[in-house]
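A, B, C, D and E are the chain letters, set down in written order, and residue numbers restart from 1 in every chain.
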Amino acid sequence: MTITAQHIEPAAVTPKPTVASHARDYVARIRGGELGALPAVLGLVVLCVFFGVMRPVFFSAGNFANLFTQGAAVAVIAMGMVFVLLLGEIDLSAGFASGVCAAVLAQVVAVHGYPWYVAVLAALATGVVIGLVLGFLVAKVGIPSFVVTLAAFLAFQGTVLLLIKGGTNVSIGDEVIIAIENRNIPPALGWLLVVLIAGGYAAIQLLSVHRRTSRGLVTEPLPVVLARIGGLVAILAGAVYFLNLERSINPALNSLKGVPIVVPIIAVLLIVWTFVLRRTAYGRHIYAVGGNREAARRAGINVDKIRISVFVICSFMAAIGGIILASKSRSVDPNTGGSNVLLYAVGAAVIGGTSLFGGKGRVLDAVLGGAVIAVIDNGMGLMNLSSGQKFVFTGSVLLLAAGVDALSRKRAAATGHR
Amino acid sequence: MPVCPRSTLRRCTVTPLLEARGIVKRFGPVQVLQDVDFSVPPGEVTAVVGDNGAGKSTLVKCISGIYTSDEGEFLFEGKPVTIHGPRDAAALGIEVVYQDLALCDNLDIVQNMFLGREKRSGLVLDEPTMEQMAAETLAGLSVRTVKSLRQLVASLSGGQRQTVAIAKAVLWNSKLVILDEPTAALGVAQTAQVLELVRRLADNGLAVVLISHNMNDVFAVSDNIAALFLGRMVAQVRTTDVTHSQVVELITAGRSGNLGLPPAENGAELMDPTIPGAQQ
Amino acid sequence: ACGDDSGSDTGSGTDGGGKTAKIGVILPDSASSDRWETADRKYLEEAFTAAGVQYDIQNAQGDKNTFQTLADQMITNGATVLMIVNLDSGTGKAVLDKAKSQGVATIDYDRLTLGGSAEYYVSFDNEAVGKLQGEGLVKCLTAANAQKPVVAELNGSQTDNNATLFKNGYDSILQPKYDAGEYVKGPDQWVPDWDNNQAGTLFEQMLTQQKGKIDGVLAANDGLGNAVISVLKKNNLNGKVPVTGQDATVQGLQNILAGDQCMTVYKAIKQEADAAADLAIGLAKGERKSTSQTVKDPESGRDVPSVLLTPVAITKENVKDVVADGFVTKEELCTGSFAAACTQAGIS
Amino acid sequence: MTITAQHIEPAAVTPKPTVASHARDYVARIRGGELGALPAVLGLVVLCVFFGVMRPVFFSAGNFANLFTQGAAVAVIAMGMVFVLLLGEIDLSAGFASGVCAAVLAQVVAVHGYPWYVAVLAALATGVVIGLVLGFLVAKVGIPSFVVTLAAFLAFQGTVLLLIKGGTNVSIGDEVIIAIENRNIPPALGWLLVVLIAGGYAAIQLLSVHRRTSRGLVTEPLPVVLARIGGLVAILAGAVYFLNLERSINPALNSLKGVPIVVPIIAVLLIVWTFVLRRTAYGRHIYAVGGNREAARRAGINVDKIRISVFVICSFMAAIGGIILASKSRSVDPNTGGSNVLLYAVGAAVIGGTSLFGGKGRVLDAVLGGAVIAVIDNGMGLMNLSSGQKFVFTGSVLLLAAGVDALSRKRAAATGHR
Amino acid sequence: MPVCPRSTLRRCTVTPLLEARGIVKRFGPVQVLQDVDFSVPPGEVTAVVGDNGAGKSTLVKCISGIYTSDEGEFLFEGKPVTIHGPRDAAALGIEVVYQDLALCDNLDIVQNMFLGREKRSGLVLDEPTMEQMAAETLAGLSVRTVKSLRQLVASLSGGQRQTVAIAKAVLWNSKLVILDEPTAALGVAQTAQVLELVRRLADNGLAVVLISHNMNDVFAVSDNIAALFLGRMVAQVRTTDVTHSQVVELITAGRSGNLGLPPAENGAELMDPTIPGAQQ
């Protein structure tokens, strides 16, 4: 029984918005500071133009494909990191967790010679177990996540060293694992994927409009929805077209074209996690716990379970990241997942717009931020700079990209928005 | 059959929906609730009154499991229960509107109202249904200035926030609804609506606990009144048996001897007018 | 515009699929040793400039990911010859294979990529380096007339395969002495990331644990050696406990001149760089030069055409050789209080 | 005019507490979960006992002195980090900022041959400038501190490389700078310091009691205050006595006793910053901004200025840390301030009890947390473990120390406290 | 001399202490304040009334510089001023008790009360003085359940928090005190004390703005009443000239034609009873 069912008044709906009113509202929102992904995309465009002008080769098909394979691992780990950050927690160990999982992979596939799927499963399982332990320590024992994962950061570093005896490195020969980062899908399959993804998106969008309209709820005007679908199709088709170009320097020797296998993997992960965050009760609860843990608790949400689960997701994604790293370098060594991987992953999420204080962020942020970092890394590699200059330059460019974002968001604060 | 905590309660023979016995709550060295007995009959509005800092909200939080009480026990429908957290309370059918509201600022109105009990179709959230239900409930609470149900609650006015919190609590099938100063931030029309809602809930057979500082409201809707004074329950009486000024006396001095109520169990000590000062 | 210091940046206009000769070099890091940035880069640049080829020298800063990105970018940028100092064989192999598939010639510089496909391998023998260190320490301990000396070992980063090779080298000298009871094996630890600061703490704890009874220290390079010497100085033991090193850095040589360090290993990097540059320039011009030596790849069994150079042990007596070689200059070395020691050591 | 001056009632004072009531309250507070520094101290004791049992040499006078010199740099950087953390910000660049300052020091003193005080001033000034830039970017431009300092982390890494041309090691020969970590103060001076610090503390405490009593305000009972003073005297005297023992391996050759010079430096920094945080309006405002930035703004606090200032303090302390690092290894290299320095510094602050979300923390936390980390590092150095084992072990011990803390604080949450 | 915004204001010849002219405030596409005129005479209590979400708190925040208004201007003591933030407001002598209180939960009562204006002796904070002054002020507001002035405000009850916020605002020498629903969470005695305080402040020559939903309180202490309706100022009248029901009508419908007040400038549109529903 809904107590209030008695006094139903006409549902509180706004007048049906038109395309014009929608556009007006959109401009007002932009001017009011609700920018969404705009600044990150803008920063990305600026960076691309900059590098493209400095080094025309930046815009070659080969380099475009490189961008994906170079940025894949960080983007995947960053996607998992978003979940942890959404709760206002942090996982410093994600980098080396990917190292541990990669080491397990290497042990199983290279040292013990099991087939690749056993190894992949073992690596993923390792990730889940790591996440469970971290989550338990944070949620149940109550140690701050920074300390738990700092300890794990150290411990995992050691674990990799112990797993890969004495600090040699283990080569991975398995063709399937190597393919992830080093092979491409046939051009035709690439086009099929475009059709599938774009079609699915269009179906979901149109269905939702239909369901809302039939209930008399406010919907976006149809042309706006169609425009959005069109935009997605254009981006996907453009990317696939570009990736399907021949990019071998020496085509006679070795033809190289098609979408790198890792791209559809990232796309699937992005879609799945976006779905989980935006369309399931579990995702809603993550936002709630991140926004106001006490309110979530009072609403009957099992806060501990949510907290543990995000660490599991993060470590699971780290495991996938580890597999990608192993695939990329065809080997695993004690430094896999080390050095900048962690900071880049957190940085990717934060640059994309995820808050370190919880409650705000999207999986797409991680991918966009990961793209920013990949472009900087990639472009920087095209310049002839000394290490020192390169570090300084990378830092400055990163700052610049974030500055664009910050300055455009500053209006938001001025107008009372967050 | 439960013991009758206050002999003046008329309907004592009815099993109270919720009964609290000897509740004690301490925060470190500070004792906030001392040996509180409290009973909530079904189908009635029980008002809890008391000065600022008397312990009303603490009592509510003990009932809903936000705090675990240090001593004492709760009976729900005559059976002893232990409530370890809000989820246990919700499972028993207890809904609470807290004084500090506890909304997620990063979620919108609909998301907040259905938090923890989202409607789904299959795995997926059923947004249209939730939005529709939310709109209906809010319309019934005279909220007319909210621009959009998809507005973040962070951008709501004080009264709008409060309305959302109330709407959230009454959306569900519950047996006991506790409202901690629900009308504090509300306008005239909205207050009237909420009081009407409270009355209607009780008339539908639910037990309602209403905490309020507004004596007019208390007398307008309540069936019986429980008065807290410095963490002790000094009286629980039928509303019809007391006057405004007697209740105010109970709130400010802990007793109102001329009514013929027996002094509270520890009345002698509590009545000492120097005590409040000394306890500051 | 971005402070190019290589002066060879004309390649950006002519990136049409490797028609212009261009050599890409990837150095491993700048933390484990000074040599990559101070010596190798300098000598390679000199050689390339002299030959008039385009080049691009980058440093991966110890990061595998960066390493591969750099390789990708060099190939994209139109390099026809790729010369790498691998961080590990796995990444190295990945890079070499990818380059080969694109028709880019490759050289293993300083470190052999196991199972790799490089055209040439140019290096010092790392185990030989370790051996020199071991022999140097033995010589110094003998000179100090130490009886049953306790020897502490401070190895490099356990994640660096070269550190393992060095260790193999000096352990091949020291282990027999331990076994024979001539020497006593003291604490033996790896230094994460070759980090000098951590090395200091580690050695201080070794000294504490041994209650000061350490008579010789096998430090894997000059940086670690200097960290050890700092601790020794604090305890006024410097000069009394021989310490080894590697790389013939200014700091290491100064410590030798001051009598605090017993020896270092000088790898005539210029020779190594010149040899490698020579091969690379040849490849870039389409010639395949022949080498006198080969090294057998233990993994693939392939005989890799190689140029192997010999390291030299440096003590106080032959510090002047390093200066004479132009590896360090007198101005760098003989600053302030070291002027006198320089003169004494015959450096002019 | 204070509006309310008219109705002065007797000030709302609690009845004068006695020693007994005080003790009772204390126990109730402890049981209620207000533990203060207790868990950190407890963790420290447990660690010391553990290492002492495993390696009796851990308790030698020499090792005790080592603890201070080994932990000094991290503790100093952590002290500065506390200020940044108090605002809920983070400074990832603090480690390499100390490296940059150390490099400046090395340039000025070793390469250009200026006297030590010029070099030290230059290093400190560099720290201040770094802090100003970081603070400006965070507070005025509005880029999240994580991103700003991540960019700075990269840029500074490059700056060190550029300053120390191409990655050589610069030896530092200046005796004054070297003395900081390598020389001791004469035993007599050590005792004088004990007298000064204990005397000052006693004077301040007693004066405060006197002033409050004379105004009729609640004070702690005198015996409690005296006990606290006595406790401090005992700790100081014990430490100085121990450090004044001969700890040379070969006393005939070289006498080694007295308090290491770095110890009074840390003591002074600890006292000054504690004073600033607890006794000045500026310190109060830091807590306010960290606790509720909007409330602080509404109270008329210049939030931007506070935010900039904490970055200045943090980088300034990083500069001091850099000087200590340079003094310790008598040289500066591109790794100075790198590897674990940053994580250890943040970890020290957090282990001590400082919150990453702002508003909660003390400078003493940094020193206690720094001590925990120094003890772990020191004790671990005494064990003959492989790198891998050591990493794993360090991580586990860190977790254990934090676990003691967390479990004892868990009661607090259960009883409704924070 | 300022223009007289509403001809019905008796004391119009006195320069208002604060005058707002044509204030407009938008949040993105949402317009919350539309062309608001408002004047606050010194020595009087000006009540601001309006439905939930009418824009009262937003108006206050525009005055105190929390928000910058998109259009319009403020005159203070007859001179145009721009207020860029709370510090500017404080410098002019404006003190505000916000509806959402804005206390630092990690600081104790005394620290919160003196936040931003700490008493010092030299560099050092003068804690004893502050503690004493805080104790005196709180005692004057009938707060008797606070255990210690060194308690963190996080652990205070709703009413106690509100009292601290009020005490904080009246500690200072100011010319204008704005209180946004100050008695919402207060008990009977505390409410009476605060109303008395409000009256006394005005009698001492200060200007006081009081926002309240409680008509009894409004009529008890205010000298004139300003009514907001859906972001528009529909009337500012002398309290003695209107009745309860007229004010309630102003709040809920935007006009009260029978009083003889001219319809608000945009009254024709505002009075359309269908608009509120349509604007939801």
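FYI, a residue touches a chain if its C-beta (ideal position, glycine included) is under 8 Å from a C-beta of that chain, and two chains touch if they have at least 3 such contacts.
Since the model is a prediction, treat every value here as computed from it, not as a measurement.
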Checklist entry - Which chains contact both subunit A and subunit E? => result B, D
Item to check | Chain whose average C-alpha position is farthest from subunit E's own | outcome: C
Next on the checklist: From the mean C-alpha coordinate of subunit B to that of subunit E, what's the distance rounded to whole Å?
Outcome noted: 29
Checklist entry - How far is the middle of subunit B from the middle of subunit D, if each middle is the mean of its Cα atoms, in Å? => result 47
Checklist entry - Distance from the CA centroid of subunit C to that of subunit D, rounded to the nearest Å? => result 38
Checklist entry - subunit A to subunit D: how many Å between their CA centres? => result 37
Next on the checklist: At least two partner chains per residue is the criterion; list those residues in subunit A.
Outcome noted: 9-10, 12-14, 161, 166-167, 386-387, 389-391, 393, 416-417
Next on the checklist: Residues of subunit C that contact two or more other chains, please.
Outcome noted: 30, 37, 41, 158, 190
Checklist outcome for this item: Contacts with two or more other chains occur in subunit B at residues 27, 143, 146-147, 155, 277, 280
Checklist entry - Which residues of subunit A touch subunit C in their complex? => result 54-57, 60, 62-63, 66, 69-70, 73, 161, 166-172, 182, 248-250, 253-254, 256, 325, 328-336, 339-341, 377-378, 381-387, 389-391, 393
Checklist entry - Touching subunit D in the complex: which residues of subunit A? => result 88, 90, 92, 137, 141-144, 146-148, 150-162, 166-167, 343, 346-347, 350-351, 355-357, 386-396, 398-399, 402-403, 405-407, 409-410, 413
Next on the checklist: Under the stated contact criterion, what part of subunit D meets subunit E in this complex?
Outcome noted: 1-14, 211-212, 215, 217-218, 279-281, 284-285, 287-288, 290-292, 294-302, 359-360, 417-418
Checklist outcome for this item: Given the complex, residues on subunit C that touch subunit A span 1-6, 8-9, 12, 15, 17-18, 30, 37, 41, 56, 58-59, 61-66, 68-70, 72-78, 87-91, 93-94, 97-98, 101-104, 114-115, 157-161, 163-164, 190
Next on the checklist: Quick check on the complex: what are the subunit E residues that touch subunit B?
Outcome noted: 27, 30, 50-54, 56-58, 99-100, 143-147, 155-160, 163, 181, 184-191, 213, 215, 230, 248, 251-252, 276-277, 279-280
